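Both complexes below contain chain A, partnered by chain B and then by chain C.
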Partner chain A sequence: MIALAAYRDALSRIEAPPGLAALRRTHLRKFLQAGLPDRQHEDWRYTSLAHLEHMPLHAPLAPTPALLALEAYPGELRAWLDDRPVQQDVPPSAVLGALADVIGAGALPAFGSLAPDSALARLNAALWREGASLRVPAGERLARPVFLRFAAAAADAMLHPRVFVHLAEGAEAILVEHFLGDPGIAYWQNPVTEIALEAGARLTHLRLIEEGPLATHTGLTAVRQERDSRYQALNLTLGGRVTRHELGVTLAGPGAEARLDGVFIADARNSAEQHVRVVHQAPHGTSRTLYRGLADGRGRGVFDARAEVQPHADGSDARQSSRNLLLSPQAEIDVKPQLVIHADDIQCSHGATVGSLDEDALFYLRSRGIDTAGARQLLLEAFVEEALGLLDAAGLRGWLMPRLLASLPRARTVEVRP
Partner chain B sequence: MSNPDLQQQIEREYRWGFVTDIEQEPFPQGLDEAVIRRISAQKGEPAFLLEWRLKAYRHWLTLREPTWATVTHPPIDYQGIQYYAAPRSGNRPKSLAEVDPQLLATYEKLGIPLQEREALAGIAVDAVFDSVSVATTFKDKLETLGILFCSFSEAVREHPELVRQYLGSVVPYSDNYFACLNAAVFSDGSFVYVPKGVRCPMELSTYFRINASNTGQFERTLVIADVGASVSYLEGCTAPRRDENQLHAAVVELIALKDARIKYSTVQNWYPGDAEGQGGIYNFVTKRGDCRGERAHISWTQVETGSAITWKYPGCILRGDGSVGEFYSVALTHHRQQADTGSKMIHIGRDTRSTIVSKGISAGHGSNAYRGLVKVLAGAEGARNHTRCDSLLMGPDCAAHTYPYIEVKNPSARVEHEASASRIGEDQLFYLRSRGLGEEDAINLIVNGFCKEVFKELPMEFAVEAQKLLAVSLEGAVG
Partner chain C sequence: MLEIRNLHVSIAGKPILKGIDLSLRPGEVHAIMGPNGSGKSTLAQVLAGREGYEISAGSVRYLGRDLLPLPPEERARAGLFLAFQYPLEIPGVANAQLLRTALNGQRRARGEAEIDAFDFLEFVQDKLALLGMDESFLYRAVNEGFSGGEKKRNEILQMAVLAPRLAILDETDSGLDIDALHVVARGVNSLRSNERAILLVTHYQRLLNFIEPDRVHVLAGGRIVRSGGPGLALELEAKGYAWLADAQTVAQTVAEEASP
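So, the complex of A and B:
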């Protein structure tokens, strides 16, 4: 059974920031009343978290000796290991600080208001210990990308990192969140990131999930956009036993624009889930959702997207595209592209496909002297490339591509239908 | 852009709203085992059927009404419904001449004069008036080919072995809340059996009509096409005006064996309620086809313009290798109508193919949802699906939703889904009007173009009726 004591114990050890204790207790009580979401819940029909109930979960007390070497990041790095800060390139500043300090100083009135009232968001709100606050003042543009690295090294750790991002009017930034962990252990990362973009602000947000093969990741990103702001996201899920990312974007001000790209790879016995919710609240908002999914081995990929146009959000333009490849007979892809529309002066569409690599294209490449494995690799690269348009503008291609290519399903001989 | 004529058109009374005054043989309101036993006894049913009804009823008691559909309505009082109503006409008439003239007049008003149809259109009509079939035409002609086309009660009496073999084999009584209720209390419906290798030479048709006030209707239709057989079945509905909501929970089961072909077309025009959402029919239907043999083919076509609430997902189980499932739908919601409709395609056999084309039109405060499932199981080598669902929005208060589920477990499958939602373009309207078309005609032209893919699947005269229905329901909806 679920280790209720583990959650209560984790809560009892949290002190900072002062003033949140009552709120944390309320969140935990509500979470414990409902428990972990199960598959009876429509949004959870493809995911089971039952295995978490059998794990001796705990919040690691002290940072485990670093098992994971820090690689080079092309920007400003802030790193955590088991929810404890391990390295800071730069001292805390008004722009990039430790979340608990900033909240303690009362500087984040919107904190906690963007994330939805879901069970796991509540759990994070109750149990987060460490996190980052990124606040860019009006009109400023951060010269270098900000990297937030959340790593896990303690077996059965339960980690609830929290990030709050606020870009004031006309501010610009590039944010990269990187989640990873020791490949030999089972752990659970349950991060929540809240992002508030004021009028005309621009954020490019890259989120890379490279969890270990035994890990569970249930992340949430909640974005609120004011007038003419632009949010561009690239969500990559490359590893983890059970990974799930919920991305909620609210276009609250007129003319706001969201571009949501993603690539997910589910191989071995992994399940990789993407849940995207875009709410057009104000007129003339634009959203583009473009995801590419691969399922190999016994993997299961899930893409669930909903574009919602609220009454009077006239001139809204919402497009979704989801293309998916099944690379093995035991793999599975589930797609749920939804539109919920309550206005008439709008343009909405979605397209979704599930299939396998084009045999004609493979044959063509082979006739040009490329072997099957090479041809397959080439086609897979081209397939995911469609969703990687943000990389060049953000200057992150060089950092990301080797990781992505290494994660592409290994070339195998193509199974020919009898 | 509105003009008074259009407003008048759209607000005009429901044309088919009248009540035929026929003596009823009423059942008490409410539902318990005694009522079910009485329904069964009244219809002289064999023991196995009563047993089945009771099993369904007991299972129903354990179920809760589903809430996942995007529809809202006041709670339904299942004990406030009269579960069976039959015209007090004693024995079944042997020919049209014996049919109660008042009943015939009712059909006349609906535009389905039986004799005329018989002569002109060559359609055999099995008309359901409330719960008992009153007339079956062309039966003899069909009988010479070995085709059975009769009311469900008659099939139970004359061909219990067929009923027993197939009843509930596609939609089991435990399938869902409303199908379960139907299994317990179903009153009548149609039964079709087309024997091996026979192509049914005419379109078979049933006109349903809900007449008795406060009577839920629970039809059950069973269509079986044996090996190599083919049949086309039409179902069309109009209901008289009522202020109280009426519940309708029908079940349709189609069974296509090897190389068989079934085409099932529906034009549904039940009373949708008035502009404020008062009254109207609640239509909670379970329709499913089972392609049991190789190369079986089942095709659903529906035009839904009526009902306050429509809740229906005709589906196909593509079990036989190479079998084909199709779903073509136009659903229109106006005023306060709500529709949650779509299709399910379950690919089990190799090289199975399915097509879904769904066109939703929302006007006024109407709400229209497409909800579909395409599931490709691991063994469905080479399965193909193409789904297209489009929504047309008219007016700032309407709503259109799309909830497709795609679940694929076979890498050789190819599944494609596309959807779009938009309103009628001002520029399109302007262009047509600059060519001399009135606003009304221009809208009709655009809407008909939008629905063309579906209409072309309808049998000829249904296509005509469907276009008229849309025109009547939509005039003035854009303003």
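So, the complex of A and C:
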């Protein structure tokens, strides 16, 4: 059963030029035909979205007066509350503005063409509202990071944030997307971010899922890289009942480089899923995928990554590393690393491990006078640190670390001693 | 300082230590020697509080307290230190971070003020020099990629920083070349004091040429089969451990006859 009325109602409230309105209707029709993905789909076999069908989902009409407190961001902030803009540090410009305005002013090449035709991407394409557009002209480098903050405040809200990023030749930027919400309510964020990097462009992209404990997050990032461009991403999942991020990167031009780092934490009864798809289409591309996962309580994590080297993408170098820690007997992390290779003279490797905290290391630290909680904290920090290399270059360590450290699972007090 | 009485320890039901009696006073250096599998490392681990050992009988008192119920961190904060036979590699944790966290944990437990990063650096400088270690060691991950000798030196560096009352050195000499052995012995000797007791656990007499013990105990088959002065180590060196087989048999017979 799918709440048709809710989706149709949401669409009816969106004003769009006739051409775009027709496109939105088409997307919605196709979504409604297919319905929410279920476990029959191979890529969704770990995820259940059945609970969404029982929620009185709606697109919030007006911003809730009780704003979630806006914390300080070390950069230029654009903030949304329930899909509605509530804060912008700089006036809209050709570089950073509302996506709806930019599209209204003329066609945006590549917009809508990078995201796959999946059911949820279609739903987002039908129902996104203001959206954000970041376009950096050739050769320019943004001095400060751009922060896009998407917060949910209305119970049963369904939010479809849409972001389009275009970096022209040789442009450089740092982008941070931050997803969060009122911890006391259930809601659903279904964001889509498309990123086009022209030749030699460089984007550092930090994506932080810090949703409330009752929230569902089904996010998608689609990246297309031209010659010698560099995409460096750090994907963090620190909170949310059901969270899922699909990251698709296409190395379309020769010599493109992608570095995809991530940390996910699934505790309580939460599930945190990472689905990474890297496609090497052109020669001499480099991709590095390095994720660290933690599961505690009855948490469940998924690391599913596939690197595909297409014919003629000779000289490609694709590497995956996934290390995961289970901190309780009921926690679970499923890893599914895959390499699909159709070219010659390439270098590929993948390694995935799932283990528990090293008891010997724990004893070593305790024998130095560090208590169990402190020793665990040290080891967990060290464990995730391996994936946090981007923070220093981006100048974001000071902003992110307190959030990350606060999310690390705490030691339980029960101990077994001889 | 340390009183071990009739200590029996087993692992998974298999007896390893079968009645150890040992007593150390402040200022003393004792060596425990014995062949592989005699229970030397088990004794060291049990004293440091390693989980997974069954203590079926006996008692250990340390500075007047019952040691065995204490978790490892409380033992460390009470001044007990174990230099590991196989120091752990801990990727991602810098040596300085471990040292300072450990030192501050112990200072807090003693009601002393914590030491900040700057003062810590000053504090640790001469200890590094003592062990011939470059400052860069502080910023490397704990023991990661260290050579065998570097790991052992790093253990003694931790000991120098934490200034324990009782130090147990588990096979600190194993895997060291002669130069490294000199450095480690110099470090240990500099830490000898009237306040501090040191228990050297070793397979070879070699270490005792550099760190002269007050007493030497021979552990075999889970029991101390002989105790004596420094000369006992030389005797062992000359005769090897083979003759212990007899001594062990004798000890066993005596013990069995004593408890019908």
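Note that the second predicted complex is superposed on the first by the 406 of 418 C-alpha atoms of A that agree within 3 Å, B and C clash if a C-alpha of one lies under 4 Å from a C-alpha of the other, contacts with A are read in each partner's own complex, and residues count from 1 in each chain.
Operating definition for what follows: a residue touches a chain if its C-beta (ideal position, glycine included) is under 8 Å from a C-beta of that chain, and two chains touch if they have at least 3 such contacts.
Since we're looking at a predicted model, the values are computed, not measured.
J.: Who does A:D156 touch here: chain B (first), chain C (second), both, or neither?
T.: Neither: A:D156 stays clear of chain B and chain C.
J.: Thinking of the overlay built on chain A, is A:D43 touched by chain B (first), by chain C (second), by both, or by neither?
T.: neither
J.: Looking at A:E332 after the superposition, I want to know if it touches chain B, chain C, both of them or none. Which is it: first, second, both, neither?
T.: A:E332 sits against chain B, while chain C stays out of touch.
J.: Does chain B (first) or chain C (second) touch A:V340, or do both, or does neither?
T.: A:V340 sits against chain B, while chain C stays out of touch.
J.: By residue count, which of the two partners contacts chain A more extensively, chain B or chain C?
T.: It is B that touches the greater number of chain A residues.
J.: Quick one: classify A:S367 as touching chain B (first), chain C (second), both or neither.
T.: So A:S367 only meets chain C here.
J.: Determine, under the contact definition given at the top, whether A:F383 touches first (chain B), second (chain C), both, or neither.
T.: Touch partner of A:F383: chain C, not chain B.
J.: Taking the stated contact definition, name every residue in chain A that is touched by chain B in one complex and by chain C in the other, in rising order.
T.: The overlap between the chain B and chain C interfaces on chain A comprises residues 415, 417.
J.: What residues on chain A touch chain B, complex-wise?
T.: 42, 311-312, 314, 324, 326-356, 415, 417
J.: Please output the residues of chain C touching chain A within their complex, sorted ascending.
T.: The touching residues are 48-55, 71-73, 75-77, 81-82, 84, 87-88, 90-93, 97-98, 101-102, 105-106, 109, 141, 158, 162.
J.: Which stretch or stretches of chain A touch chain C in the complex?
T.: It is residues 358-361, 363-372, 374-375, 378-379, 381-383, 385-386, 415-418 of chain A that touch chain C.
J.: Please give the residue numbers of chain B that touch chain A in the complex, ascending.
T.: 68, 376, 378, 381-382, 391, 393-423
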